[in-house]
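I've put the structures underneath this note.
Next come two complexes, and both contain chain A; in the first it sits with chain B, in the second with chain C.
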Partner chain A sequence: MLEVNVTISYIHSDGLTAALQSALGTNKALGVSSYGSNRPISVWLADSASPLEQQQAAVVAQAHDPVFLSVDKTHVAANGVDTAIVTVFAPKPAALVTLLIGSTSVPVTLANGVGSISIVSNDPASIPISVQNPANRTTDTLIVEAI
Partner chain B sequence: MPTTTINVSVSGQLVTISTNEGNALRQSKTAAGTNALDNLTMAQALAWIDANVTDLPSARTALKHLVKLILILRTDLDRTKSGL
Partner chain C sequence: MSFTTVPTFTPGQVISANDLNTYLRDNEGYLLNRPSQIILRDNNANYTNSVAGAFANIDGANLAITLSFSGSLAYVWFQGVASGSGAGVAVDFDFTLDGNRVGAAGINGLYMFRSVGTNTPSGIAYAALIPVSAASHTFKPIWSPQSGTATLYCGANSSGTDYLVQFGVIEVA
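Coming up: the complex of A and B.
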């Protein structure tokens, strides 16, 4: 197994792994490891990865623009009042994040990489929340149930 | 996984969700207006009928109230089931 070290502070492991596998294939890109924000990450490649593919892996990792989603509650009352707060963390400088609520784009205002949106529902529904254009960013998808 | 389509309204950083079934319920309630039978207990509703249904026009009025209740209950049930 080959190791490629890349210095980036934050990674979304699943998002970066998916991007690497999309670029190099699942047989070449095996995964990533991180050791805290002060140490380079490890990109693990198969022994068969060529020097060019190792370089390509480093480029993909350097372009990684992670987005982390969390929500304070997964169930809300469908009364138009009870509120779920979705918090977005995108640590890369100048990162922009647009969420998809269902199929609707919702830009998120970030301050120092952190932003949030509030969701209320007038009716019972299952509300999917994801990131628009998530490639090399995240694999997070949240579901808030309004009941 | 529910199959109902959600309608999303965005105002700044506040997102409000509704569904077609919920909108149908709200439209039904608006169209129905006030209903003398709303919020009555069983005994009160039966007493209301005794006191108010005395001829054909008043029976028609009572029947309308009853139909309003049934249709609103039906749309409310559709709304609830759509979120399951």
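Coming up: the complex of A and C.
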């Protein structure tokens, strides 16, 4: 394997791996390893990766704009009152995040990279929560069940 | 200090102080203090890895042990707490000896951990007895998730997952 070291503080490992494999193919882009925010990450490429492809991998990694989603509860009562809080963490400076709640776009206000939205439902539903335009950002999709 | 092979003494042979110091004192000292090293790693951050289908060092800089062996067998162990990015994610583990995978005859190596849930921590511990030649050798733990991303918790100071990693090697024969 070839190792390309890139200095970035936070990675969404699955999101960056998907972006690298989209750009270089799964035969060339094998994955990434991280060791903490104060050390460069390792982008692992197949031995056959050319110098240009190695450079391309570094560019993709440097453009990585990770978004992390979490939710405080996965089930709410379908009464329009019970609330699930979705927390968004996008650590890259000046990052913008718009969520898709089902198929509805919802911009999230971030302060120091952190923001949140509330989910309520009047009716029973399975509500998917994901990031709009998630390429090179995240692969997270949360599900909140209103029951 | 290394082990000195004891010769066959013959009747009437004069035993010198140097003989006693070499073959008794020094060899006994060696056997009571065989080459060993234990790393208790607090990385102040977790390790992650998404390299499926190939093994990568967990931390080639800080989880590596080089020892000079006089014997022929090393006991190598690794323990920690890990998780996968999804329920059922399998993570393969192995060691390298001088850069060569110890369990290379198996595609998946020496040990497998399966995450019971998304980012749900549970323990891993694996060990191997590895034949070595009398020389200096370097050991490293390596890993590869079969899919998704594997996380090895290593002192990120997050309550509930603030676990450390231990990696050790000792000459046993």
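Here is the rule we use: the second predicted complex is superposed on the first by the 147 of 147 C-alpha atoms of A that agree within 3 Å, B and C clash if a C-alpha of one lies under 4 Å from a C-alpha of the other, contacts with A are read in each partner's own complex, and residues count from 1 in each chain.
The criterion applied here is as follows: a contact is a pair of C-beta atoms (placed from the backbone, for glycine too) under 8 Å apart; a residue touches a chain by one contact, two chains touch by 3 or more.
Predicted model only: the values in this text are computed from it and were never measured.
Colleague: Taking the superposition as given, does A:Val106 touch the first partner, chain B, the second, chain C, both, or neither?
Modeller: Touch status of A:Val106: first partner only.
Colleague: Counting residues of chain A in contact, which comes out ahead: chain B or chain C?
Modeller: On the superposition, B touches more of the residues of chain A.
Colleague: Figure out whether A:Ala135 sits in contact with chain B (first) or chain C (second), or with both, or with neither.
Modeller: The answer is neither, since A:Ala135 touches no partner chain.
Colleague: Can A:Ala63 be said to touch chain B (first), chain C (second), both, or neither?
Modeller: Once the two structures are laid over each other on A, A:Ala63 reaches no partner at all.
Colleague: With both complexes overlaid on chain A, does A:Ala146 touch chain B (first), chain C (second), both or neither?
Modeller: Touch partner of A:Ala146: chain B, not chain C.
Colleague: Touching chain B and also chain C: which chain A residues?
Modeller: None.
Colleague: With touch defined as at the start, can you tell me which chain C residues reach chain A in the complex?
Modeller: Residue list for chain C touching chain A: 43-54, 56-57, 59, 85, 148-149, 156.
Colleague: What residues on chain B touch chain A, complex-wise?
Modeller: Chain B residues touching chain A: 1-2, 4-6, 8, 10, 13-19, 21-22, 79-80, 82-84.
Colleague: Could you pull out which chain A residues touch chain B in their complex?
Modeller: Contact set of chain A toward chain B: 78, 80, 101-102, 104, 106, 108-109, 115-127, 145-147.
Colleague: Which positions of chain A touch chain C when the two form their complex?
Modeller: 1, 11, 13-14, 16-17, 30-39, 42, 44
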